[in-house]
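For reference, the structure discussed in these notes is given below.
Chain naming follows the written order as A, B, C and D, and within any one chain the residues start at number 1.
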Amino acid sequence: MRLVYFAWVRERIGKAEEEVDLPADIVTVADLAGWLTSRGEEYAHAFENPKVVRAALDRVHAKPEASLAGVREVAFFPPMTGG
Amino acid sequence: MRLVYFAWVRERIGKAEEEVDLPADIVTVADLAGWLTSRGEEYAHAFENPKVVRAALDRVHAKPEASLAGVREVAFFPPMTGG
Amino acid sequence: MGFAPTIRIQQQPFDTAAETALLTAGRTDIGAVVAFTGICRGSETEGDISALVLEHYPDMAEEEIARHVAEATERWPLLGITVIHRHGRILPGEDIVLVVTASAHRQAAFAAAEFLMDYLKTRAPFWKQVERPDGSAWVEARADDDAAAARWRES
Amino acid sequence: MGFAPTIRIQQQPFDTAAETALLTAGRTDIGAVVAFTGICRGSETEGDISALVLEHYPDMAEEEIARHVAEATERWPLLGITVIHRHGRILPGEDIVLVVTASAHRQAAFAAAEFLMDYLKTRAPFWKQVERPDGSAWVEARADDDAAAARWRES
């Protein structure tokens, strides 16, 4: 699965994207965020307030409880500030 | 007092403006509209539905009960359709 | 208000882009500009339109627009306003009216532009006559325009 | 929808006048055009701004804007939409975003332009970093932008 990060989520993690193989028990967006948090302090820093980190599945906004089944690209990013 | 007319009020009355000397008992905009109505069928036609004819006193929108005291120019016209 | 609004009533066409550029040129305090252009359409539900002919009450039109521009600047933190209204004969596809509002944020710019348009429709002394292939007629005021103007009195 | 909307995400500046002209050229069914331009300001309450740097999620940005454009055309009787959003480094006084909506009547054009801006602010995957003389910081999302976007869900 491809993970992409933007804005301060990208800065804290220290990379813009990566490929990961997920354990079988990682089913939802929230599961994935929790699993990433356990991978190191840069991830823990990015997800220290998990409620503010947003996600998109294959380029569509998704909630924490959304299923990762069949998803190829997950994006994590802060609340958007465009316009 | 100067009277000015616009749009179909002007067309029905057949003139764009005129000077009039008002009887002393003509005190309000409604009085004036009623007095004009009595001056001929072109006026009666213009004011046949007095509620739809609007007025302005010295270039400020005015209600039927507004006083004519001190006013130099009274305008009568249909509901506005600018913009 | 801390700026001089532009209010013009004219027969000749106007240049929306040039008017908007004038409003923002050399400034870095403006974050949002809303430009509304009203255009003469070539047909309505009643049929084809050959032209619109706009009659107006010259002195009052300018004063009445100025009153509403002043009210808009009291209600919203605006940084610039331009209102241009044409009169005379206007062909389908030609511009009739321009309202440009500038502010630090978009909400004020949008609200002020809508407010000004609602008032131009119902309070500015202009009257449209529509020329059709089979004759001409005065445009009737629309009840929904009155309702649109009335909502600004409720808030 | 009966027209092809224009949606572009680009680094280079855009020309509001040319984009608006493209939307209306040769047409006589459009009676109202609303053009919203968002501009980089030179200062905020927090102090002076040297530049804004806009990061975005390229593929998603275009798709997400297209989804909201499609929703706007379902909600209002529109005759044209243009949305252009810049990314990269933008200096004070430069344009950031353009939304142009065209319709037969003004209410639809105003409502759709506001709807699209509210959604661009809160749902389009762009993130602003502000460069100040003393360093740079990510812009925080505004609660009133979320509230502005939420109101479209209530009606």
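Simple rule for what comes next: contacts are C-beta pairs under 8 Å (C-beta built on N, C-alpha and C of every residue); 3 or more make two chains touch, one makes a residue touch a chain.
On a predicted model such as this, the values are computed, not experimentally measured, just so you know.
Trainee: On the document's contact criterion, could you list the chains that touch chain B and likewise touch chain C?
Mentor: In this structure, no chain contacts chain C and also chain B.
Trainee: Quick check: how many Å separate the C-alpha centres of chain C and chain D?
Mentor: 23
Trainee: If you average the CA atoms of chain A and of chain D, how many Å lie between those two points?
Mentor: Once rounded, the distance between the two centres reads 26 Å.
Trainee: If you average the CA atoms of chain A and of chain C, how far apart do the two points sit, in angstrom?
Mentor: The separation of the two C-alpha centroids amounts to 48 Å.
Trainee: Got the chain C residues that touch at least 2 other chains?
Mentor: 38, 106, 117
Trainee: Any chance you could list the residues of chain A touching two or more other chains?
Mentor: In chain A, residues 83 touch at least two other chains, as defined above.
Trainee: Taking touching chains as linked, do they make an open path (line), a single closed cycle (ring), a hub with spokes (star), an all-linked set (complete), or other?
Mentor: If you draw each chain as a dot and join those that touch, you get an open line.
Trainee: Of all possible chain pairs, which ones touch?
Mentor: Every pair of chains in contact is listed here: A-D, B-C, C-D.
Trainee: Quick one: which bits of chain A touch chain D in the complex? Just the residue numbers, please.
Mentor: Residues 4, 6-8, 10, 56, 59-61, 75, 77-83 of chain A touch chain D in their complex.
Trainee: Please name which positions on chain D make contact with chain C in the complex.
Mentor: Against chain C, the touching part of chain D is residues 16-17, 20, 24, 26-43, 92-93, 104, 106-107, 109-110, 113-114, 117, 144, 148.
Trainee: Mind pulling up the chain C residues that touch chain B in the complex?
Mentor: So the residues of chain C touching chain B come out as 38, 54-57, 59-61, 63-64, 85, 96-97, 117, 120-129, 138-142, 145.
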